[in-house]
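Scrolling down, you'll hit the structures one after another.
Same chain, two partners: chain A is paired with chain B first, then with chain C.
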Partner chain A sequence: MKHVLFLAWQYLKYHRVKTVFLLFAISLTFFIPMALNQLSQKGSEKLRARAVSTPLLLGNKGSATELCLGSLYFREPNIEPIPYSSLEDLRQQGLARAIPLQLEYRVKQQPIVGTTQDYFSFRKLSFEQGRPMAILGECVLGAKAAQALNAEVGSSVISTPAGAFDVAGSFPLKMKVVGILNPNQTPDDTAVFTDVKTTWVISGKAHGHQDIGVGTADSLLLSKSESGVVASPAVLSYTEITPENIGSFHFHGNPENYPITSVIVLPGDKKSELMLRGRYQQDQGLQMVVPEAIVDELVDTVVSVRDLLLLAAISIGLATLLITAMVFLLSIQLRKAEIATMKQIGAAPGAVRGILITEILLVIGIGFLLALMLVWTIDRLGIPLLENYL
Partner chain B sequence: MIRLQDLSFSYGEAGFSLEIPLLEIRRGSSVAVVGPSGSGKTTLVHLIAGILKPRAGSVQVGEVILGQYSERDLLDYRIASMGLIFQEFKLLNYLNVLENILLPYRLNPILELTGETRSGAMDLADKVGLGDKINRHPKNLSQGERQRVALCRALVTSPALLLCDEPTANLDPANRDRILDLLFQYGQEKQASLVMVTHDPEVLGRFDRQVDIRDYLSELKTTAL
Partner chain C sequence: MMRRSLLVAILSNLVLMGCRNADKQDTSEALTQEKASVPVVYVSNYPLYYFASRIGGENIDLHFPSAGLADPSGWNPPADSVAAMQQADLILLNGATYEGWLMNVSLPDSLLVDTSLAYALQLLPSGEVFTHSHGEEGEHSHEGVASHTWMDLSLAAAQVRAIRGALIRIQPAMTDTFEVNYQELAAELQELHNAFKTTASSGTSNHLAFSHPVYQYFQQAYGLKGSSLHWEPDTPLDHDMLHEIGHLKNDHDIQFMVWEGAPLPESVQQLKDQGIKSIVVSPMGGMPESGDFLEGMQWNLEALRQAVGVQP
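Our next item is the complex of A and B:
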């Protein structure tokens, strides 16, 4: 056997250009369907893992998929917010813990997640440095967000206005970084976490400004009456919340109507879950969804597309294998004289066939190994890229 | 002793046929097979080697009657006892000189490739003037050098019978003489028989005997040396 292997290897080594072309073709034949399968499988697993760990989501009636993708993966939600009172109503029912999510704003490319400290324990997020946000204007960064924003505990990050000319839109608030999370390879790594009230400051629904009480210059006031005063735009608004000015921050209007994107609902037990789902089924403005079911639907779609692509890749692969077989057959035709010589010299029965088969198996085997190595590389590099995308 | 008796061979019904009532070649003798192109010289060599099977009659090499051997035994016997040299050298392009010489050892497990065999092959290469070229591939050798590699490949198993099909046809006179010298020297040293197909009238005088293949195409003749 070692002599057959030796001769086959010598042939492939000598005809290295042909061998490399064949190896390339065969590697691709194996690699494309394997990589496709691997990527879709890992992607689906990642998608499902986060959905499975989130029992229920409450949000505005509309696209359940948008609600899930926004709330789980912090993709810019294309859904109407719900009033904060929805969260209070849910809590009052006593069937579940509720964690609000407000996902409207960004710091550069990083999503701002307005929530509560409960979110960290719910997602089992641990701190590499610092502590959770405690007062208005503080924030916690995911590991990748800290890297992207070049921020550390004690530094500050500024919320990005929705548009340069959106003077009535979101407020560029300077937030103090008080904690940085350990990486956990989920969308949490990319987020800037802050208290939900801080996101209302960003939206302009709450603000702080210089005192306009008694003794304020008339030039800073538009009107003055017994019930109150109306400040002019000349009054200085604070763009950073500090211990000195935090007392001046206040909310306008009824906070119950302030917006949140969605609520993560953690029912105490199965019965509570079923009761909540039943109650919200009839609701006109709200929907309660099971993220696992939504993501499963999404994964099914991905799998269907993958199956089609796999079918195409396998068809191309079969065609490539047929062409490769043709190359080998032609090569055998060209080597007729060599084969005849070996037989005339006295090659053992099957020896020549063995050499030819070994050549084919070596090319297919090495091609397969190369494909495995490429898939492994994709697994190491491609999956994190996919995670970033998700 | 090689003995061909009542041998009959033909290519198809209407093709050429060869009839040999008796042809004996003594051990250690050298025989030149002559005749015009297409007269069956190569066929005769192939019959002696067992590559072709006669329609009737027998080929006996030493104590062995080839027709009584199975295909496997015949291949084993051929690779161990006969050395074949061809006009076109028939070297494997993808093997270097040393590996071409050792090829029989890699084709049939009846021959065992040992360190001794390897050093023997290198000695042979040295003897024919290829000692410094054992790592070269055939495409980097001259015609004469290639035929010397083919000669070494035939001799490496120390065969008792050398069957050569016009081995000097593509060589210049100097290389031709060198190859013949090596063949005859081997024959004398090992008491090996040498059967060579040749067209070259200049070399016929070196052989113990000439066999004209046309004799077996026309009239019956019995010859023994």
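Our next item is the complex of A and C:
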């Protein structure tokens, strides 16, 4: 047996170019379906884990999928915001804790998540440096966001205006970084967290400017009377909140009408959850969804796509194996003289068959091992790449 | 023999010292644990500080970060103070727009307790109207909400109830203690409230001048008529102010000016020259220099007796 293995191995070594091509083809035949399965399974698990840990979401009527993708993975929300009073109403029912999310703005490519302190404890996020935001204009960065923005505690990041044609739509606000989170391999790593009230400053609902009533240069006033003054657009709003000017920041209108994208709802128990879902089922403007159910639907779609791809990959694999078998058969035909020589020098017919079978098994075995190594590599490196797209 | 005895004595001492150190360590650990188990409570004004200290006593670690201000409603909290408050177990708020700084800070909603929530529908307007316009929105007005709610002691009692509930929620093991302390405080507040009502109803119904619009609940609770000004006790009266009070005197026959704090002696004299006596009714929002909330309100009662002409 040892001699059979030796001769088979020597043959493969001698015909190394042919062997490498065969190994490559066979390993790919195994690798593609296995990798597809692994990636879709891991991706589904990641998607589900985030959804399962979020009991309920409250948002505007519309696409439940958009609501979930926006609120769980901070994708740009394509749903209308809801008024902050929706959150207050929910709280007053006394059945659940509520955490607001305002996801309208960005710092470059990183999403700004306007929320409250409760978000950190809910997601079990820990601080690598610094502390949570304490006053208006402070922010906390996820680990990847800190890297992407090249920011550290004490530096500042500036919110990106909503668009070139919406110069009045949102204020570029310079926010002070007061904390950086430990990485936790979720979308939280990419986010810029700030208080929901700071996002209202970005939106212009709240702003600060110099006192235009006292000692203001006439050039900054359009008119002045006993009942009031009209400021000219030359009176600039502050674009950074500092201890010196924070007192001048004020909110216009009723904060209950200010926008939030959605609310993470944490019911006290199962009964409360069912009661809340029942109550919001009849609501005309709001929907309360179970993220797990929505993401399961998404995962089902992903799985059915994966099944189709797997079918295609297996078909291609079978074709490849047939071609490989043909290569081996042709090879045996070409090696007729060699086989005859082996027999003439006294090799038993069984030994010759053994050498040929061992060559095939070695190629298939090594190809399979290579495929496993590739799957392991993709599991280690490919999943983080995949996460960036989720 | 002598040497052996000495060795035994040294060893015994070492063992005893070890025991004493262990006892000391146990005690300090117990104290640390006890301190760690005492919930940290923050308050936003002096009435809440007083009420919480009366109900919670030694069972809570009470903090009043704006204690240095005469009027804590104007507090501008530094980030460090807010960061410390984020670590608290409970933050007691007066509500009724008293904490103007609340919109500028990031505090976990789960820690905040608005003690005036129970009577949200009874809140009074401050009498101040803010008119402004922005861009194309057009001019619009907002009327402020009066925030010195505790000056009506029946509303203060409702705040005390809210504080009791909040403390029991964070420390249910101390329910009985909190309940006893609450009952005692509630009875004292009720007694004082009755005294204010009796005084106000049994005296003459003079029209009063109030130095600041912070007495809305006080006026409503005890049926006091009056007009509010915007005068500071430590600011000398100028010509315009004297002209203003002169008009009030003519229109309403003002006999008394109610100040938030001790006025300047020259202001007292100038008013006296116009036939107006000065009394001090402290809103008690900030930490008093002497006495406590109930004593302060007792002094306010004495001042009221003077204003309505009732003998103690």
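In this section, the second predicted complex is superposed on the first by the 370 of 390 C-alpha atoms of A that agree within 3 Å, B and C clash if a C-alpha of one lies under 4 Å from a C-alpha of the other, contacts with A are read in each partner's own complex, and residues count from 1 in each chain.
As a convention for this text, contacts are C-beta pairs under 8 Å (C-beta built on N, C-alpha and C of every residue); 3 or more make two chains touch, one makes a residue touch a chain.
Please read these numbers as outputs of a predicted model, since none were measured by experiment.
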Fit or clash - chain C, chain B, common chain A: fit
Angle at chain A between chain B and chain C, C-alpha centres, nearest 10 degrees: 150
Partner chain(s) touched by A:Glu338 [first = chain B, second = chain C, both, neither]: first
Which superposed partner A:Gly346 touches (first chain B, second chain C, both, neither): first
Chain B versus chain C as contact partner of A:Leu7, first or second or both or neither: first
Contacts of A:Pro132 with chain B and chain C, given as first, second, both or neither: second
First, second, both or neither for A:Lys108, with chain B first and chain C second: neither
Chain B versus chain C, judged by how many residues of chain A each one touches: C
Which superposed partner A:His15 touches (first chain B, second chain C, both, neither): first
First, second, both or neither for A:Lys271, with chain B first and chain C second: neither
Minimum distance between Cα atoms of chain B and chain C in the superposition (Å): 75
Contact set on chain B toward chain A in their complex: 49, 51, 71-72, 75-76, 78-80, 82, 84, 86, 90, 92-95, 99, 103-110, 113, 137, 153
Contacting residues of chain C [partner chain A, same complex]: 76-80, 82-83, 86, 103-110, 131-134
Complex contacts: residues of chain A adjacent to chain C: 91, 97-98, 116-118, 121, 131-136, 138, 178, 195, 197, 206, 227-228, 230, 243, 246-247, 249, 251-252, 255
Residues of chain A touching chain B in the complex: 3-4, 6-7, 10-11, 13-15, 337-338, 341-342, 344-349, 351-352
